[in-house]
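There are two complexes below, and they share chain A, which is joined by chain B in the first and by chain C in the second.
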Partner chain A sequence: MSRVYLYALLSGPPACETGRGVCAERLRIVATGGLVALVGDVVDAPAPSALTLRAQDAVLRRLATELDAVLPVRFGTLVSDDVALAEALARRQPQLARALGRVAGCEQMTLRVWGDVATAETPTAAAGGGPGTRYLAGRRHAHERARRVPELEPLRTRLADLVREERVERHDRPPLLATVQHLVRRGAGARYVDVVDAARDSLRPWRVSVTGPWLPYAFAEEAA
Partner chain B sequence: MTSPTRAAAREVLEATDDSLLDLVDNLLNRGVVISGEVMLGLAGVDLVYVRLQAILCSADRVEQRHAR
Partner chain C sequence: MSARRPPLEVRELDSLRAELERQADLAAAPRWNANPEDVQRSVARLVLTLVEFIRQLLERQAIRRLEGGTLSADETEAVGVALMRLEETVRDLAARFGLEPNELNLDLGPLGRLL
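On to the complex of A and B.
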């Protein structure tokens, strides 16, 4: 029995042929509740391999050239049928519509920050109060630190006019210290790389690697 | 015993390059997650496994590059 494999949400139906999917199935469009989904009918989700991951990304990249926004769905997502798909999307319609608007006309660049030692912790303010207060202050500090990448400060002003949104993930496991995802206007990826390359000396001792442009995978998470 | 998914993950990681590691991270760990009626074709434990391995492999690669 076939099931519905969900690839992405689209800003609208593409003018071009949807073509075939990862399992060589014919792709089709499901419009429901103001959302447009790209799906294929398959027996099982494709197993993750270099071939299938590249194939799924290629399917979406091809359509992205025709559309203002493509919001990728996590690899391996299956629903039982179109009715289940419509119900699942209806539950998140406002969030998904907002996410589509956020990524419209944009692409993702990925920066990784590398170093031989973890960045020193910012000293916390003199702890006052009781153990509960100190505990909460520690939690707040850890939460704030998870969103900061002080290693990239020399780069921030140079990238300011290119970056629309940012997602930060700290690893703090040398040599990998952090991953930063930037949402930039489509076509700005080459300039983004140039700006990063020009800033490498000012970032020392930290090193950075750049990949992209990607579809905005990291900017779909809030729709979850 | 190695699961088919885990074996597939190993295949990804052993035949990979930097951009494929990002592809693994993007496709398996990001993107819209829809729950409820939806069945994920991959077990959560394998996603975690793939991601950790991807990060570790990518770290090794950078170390090698800077050691040259």
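On to the complex of A and C.
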């Protein structure tokens, strides 16, 4: 019995043929509750592999050339039928519509920060009090640090007019220190790379690598 | 995707591969399935995952209140000690059942991972 494999939410129905999906199934459009979903009918979700991930990316990239917004859904997302799909989308309609609006006209660039050590920690205010107070201060500092990449400060002002949104993930597993995803206007990727290249000297001792443009995978978490 | 200058070093690629494998392992967190051969460990994993989930919620709430200035010094100390002991307890119990910290998670299907 086939089930419905959800690929992405779209800003509207594409004018072009939807084509075929990762399992060679014919893709179709389901419009429900103000949302437009790209789906295929499959028996099982494709197993995650470099090949199937690339194939799914290629399906979505092709449609992205025709549409203002393509919001990728987590790889492997299956629902039982169109009714279940409509119910699932209806439950999260406001968040999904917001996420579609956020990525409209945009693509994603990915920066990775490399180095042997992370930037020196700014000492926290003298954590007075007992062990509980110091523990909580340490946890607060860890939460703050997880959202920041001070190694990129020299680059931020230069990229300010290109970047619409940012997602940060600290790894702190040298040499990989952090991954930063930037949402930029479509077509701005080449200029983005030029700006990063021009800033490399100011970033030392840290190195950065850039990949992209990608579909806005890192900004689709609300659709996952 | 296109390669950008300067090229990555081998150790950087190794580091990226290790990180991707770690992420893939996390994404592959199995749905809970009590193995008859190992029921105690399976139950412990489920219970500790839920306790860890609640601990993280409490920690975030405590930090929000700390930042909002709505915790007195005594309350900060008390909450901090409670959270610290809870973390130690979860860690100790997990170790007793041979569970790694990254095993305390649940795959919620289309909703993603619990933690």
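As a convention for this text, the second predicted complex is superposed on the first by the 220 of 224 C-alpha atoms of A that agree within 3 Å, B and C clash if a C-alpha of one lies under 4 Å from a C-alpha of the other, contacts with A are read in each partner's own complex, and residues count from 1 in each chain.
Everything below uses one rule, namely that a contact is a pair of C-beta atoms (placed from the backbone, for glycine too) under 8 Å apart; a residue touches a chain by one contact, two chains touch by 3 or more.
Computed from a predicted structure; not experimentally measured.
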item: Touching partner for A:45 - first (chain B), second (chain C), both, neither; value: first
item: Chain B versus chain C as contact partner of A:71, first or second or both or neither; value: first
item: Which superposed partner A:87 touches (first chain B, second chain C, both, neither); value: first
item: Partner chain(s) touched by A:30 [first = chain B, second = chain C, both, neither]; value: neither
item: Which superposed partner A:162 touches (first chain B, second chain C, both, neither); value: neither
item: Contacts of A:135 with chain B and chain C, given as first, second, both or neither; value: second
item: Which of chain B and chain C A:209 touches, first, second, both or neither; value: both
item: First, second, both or neither for A:55, with chain B first and chain C second; value: neither
item: Per-residue touch tally on chain A - higher for chain B or for chain C; value: B
item: First, second, both or neither for A:104, with chain B first and chain C second; value: neither
item: Chain B/chain C common contact set on chain A; value: 48, 74, 77-79, 88, 112, 114, 171, 173, 175-176, 207, 209, 211-212, 214, 221, 224
item: Parts of chain B lying in touch with chain A, wherever the complex brings them together; value: 4-5, 8-9, 11-12, 15-16, 18-20, 22-42, 50, 55, 58-59, 62-63, 66
item: Touching residues on chain A, where the partner in the complex is chain B; value: 3, 5-6, 9, 44-50, 53-54, 56-57, 71-80, 84-85, 87-89, 91-92, 96, 99, 110, 112, 114, 171, 173, 175-176, 179, 207, 209, 211-212, 214-215, 217-218, 220-221, 223-224
item: Residues of chain C touching chain A in the complex; value: 1-2, 4-6, 8-9, 11-12, 15-16, 18-19, 24, 59-60, 62-63, 66-67, 73, 76-84, 110-112
item: Partner chain C, residues of chain A touching it in the complex; value: 48, 74, 77-79, 88, 112, 114, 129-136, 139-140, 143, 171, 173-176, 193, 196-197, 207, 209-212, 214, 221, 224
